[in-house]
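In structure tokens below, several structures.
You will see chain A twice below: alongside chain B first, and alongside chain C after that.
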Partner chain A sequence: MLKSGGRALLLIGCPEVPVQTSLALYLCSRLRMNGWEVVVAGTGAALKLLEVADPEGHYLSETMDLDDCIAKAVEGEIAFDICFAFMHSDAGVTYGATISSISSARIYALIYGREAEKLAEMVEYDCEKIVAKAVHNPAPLKIRLDKVMGWAA
Partner chain B sequence: MGCIEALKPEVVLSRISFKEAREYIESHAPEVHHVNPGFKLFGEYLIGVPPIAIGIEDDNILFPFTKPCYGTFVLRLKDIAEVERLRLAVSEEMKKAIKGRGKRR
Partner chain C sequence: MLKSGGRALLLIGCPEVPVQTSLALYLCSRLRMNGWEVVVAGTGAALKLLEVADPEGHYLSETMDLDDCIAKAVEGEIAFDICFAFMHSDAGVTYGATISSISSARIYALIYGREAEKLAEMVEYDCEKIVAKAVHNPAPLKIRLDKVMGWAA
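And now, the complex of A and B:
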């Protein structure tokens, strides 16, 4: 089970697969409930989807541009204890590898989409893989996430 | 990585996997260096699965460039000063690594 508190990063990419926005807000909620300070780094469109869905900031707090986040992490301006890297494409795997290489955070790779299993085989860096063939329905990925994090009822 | 796009590099390959980009650079560039993610090239930090291959051909740099919604591209950009800076940075990194290995012995 995940310890409480600390600083968590959610690394989100292209929002073309619907489950990403849903799972990101769910993670923000769960982590904040457990005392984590959550930063979401993503593409402009991915962040807009979250901001529009949570106008009062009940779940979302700090956000930043994906590439700015990478730059600040390399420069040592920001650091995290844990990172959830969302990936449904080769580009997502590439960004996950980058954060894994430049950060000492424990990495959780959330792998989803139609090619989830094939994609998971490409993730060779040290991380906890959470894999589900989820595209429109976030439930399969949420179930696996809850199990790994110790949030299952 | 908006700055790199502003430099208007030549797009050699587009929307490929990162692995394909590495393989292309390694097999086509006469001089290849490997760096880690976060290496600075053209003022921007490189995104990639380590080891990231960067090629040098004449005064051009051949390098991978990943965009979240579009995948990876192989770009070619002519910049003599950046070629020299790359060679120097890679050689400095190598010296540090050798020194580090020596200390561990």
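And now, the complex of A and C:
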């Protein structure tokens, strides 16, 4: 079970896979309930998908541009205790590697999409891998996430 | 501007296109704010994407299986004042045609994805078409929807 409180980062890349928006909002909800301050860093389209899905702002709080976030983390201007790196492509794996090399945050790699298993093999940095072939159905990934985080019903 | 109140149906098919979940939750929020009772009928994966994205139930209320909904509408067991039919494929166009032929609801066809314009030409039943090539960025479709509904900021 994850301890409560602290600062959490969600790193969200290109939104090609439908499960991404749903899992990101779910994570925002669960983390906030557990006392975490959550920042979501994403590409323009990824953030827009989240904002439109949460028009009354119940789940999302702080958002920032993905590249700005990486740049600020490199400069030491921002820091996090934990980071959830969403990945369904090489780009996602690379963003995760970058944050892993510049941050002392505990990293959870959420790996999904058709190539999930192949991508998981590419992730060689120190992190907790949460892997499911989910593309359209978020349930397999949510079940694994809940188990790792100790959120299982 | 759409009048307030009544019973609204959102018809949601296979969730291949990421904008669908975001737009559906946005519609739930706006319609409920305007006094509408909203039912979302969708495929299993489409509903699961909505439920995971709204874990605290701020936007979603009643949901039902897409085929059950059509069957009950055919039998006259359920009725709606307005219906938003989401479509990014032939299947979506067909569901819209079915509901149009069995219901007196005013129909809004939300047509999106890479083939949006081609699909729009296939929609020959009486409805208000809201068309945008949106796949990953929900903004173009949201802007057109807001304009048609009189929700523009």
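By definition in this document, the second predicted complex is superposed on the first by the 153 of 153 C-alpha atoms of A that agree within 3 Å, B and C clash if a C-alpha of one lies under 4 Å from a C-alpha of the other, contacts with A are read in each partner's own complex, and residues count from 1 in each chain.
In the analysis below, contacts are C-beta pairs under 8 Å (C-beta built on N, C-alpha and C of every residue); 3 or more make two chains touch, one makes a residue touch a chain.
Bear in mind that the values here come from a model prediction, so they are computed numbers and not experimental data.
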{"item": "Partner chain(s) touched by A:Tyr26 [first = chain B, second = chain C, both, neither]", "value": "second"}
{"item": "Touching partner for A:Glu56 - first (chain B), second (chain C), both, neither", "value": "second"}
{"item": "Partner chain in contact with A:His136 - chain B first, chain C second, else both or neither", "value": "second"}
{"item": "Partner chain in contact with A:Glu16 - chain B first, chain C second, else both or neither", "value": "both"}
{"item": "First (chain B), second (chain C), both or neither touched by A:Ser101", "value": "first"}
{"item": "Partner chain in contact with A:Gly92 - chain B first, chain C second, else both or neither", "value": "first"}
{"item": "Overlap of the chain B and chain C footprints on chain A, listed as residue numbers", "value": "14, 16, 45-46"}
{"item": "Chain A residues touching chain B - in the complex, by the definition given at the top", "value": "13-14, 16, 43, 45-46, 66-67, 70-71, 73-74, 89-95, 97-98, 101-102, 122, 124-125"}
{"item": "Residue ranges of chain B in contact with chain A within the complex", "value": "1-2, 17-19, 36-38, 44-45, 47-50, 66-72"}
{"item": "Chain A partner contacts - residues on chain C that touch it in the complex", "value": "14-23, 25-26, 29-30, 44-46, 48-50, 52-56, 58-59, 136-139, 142"}
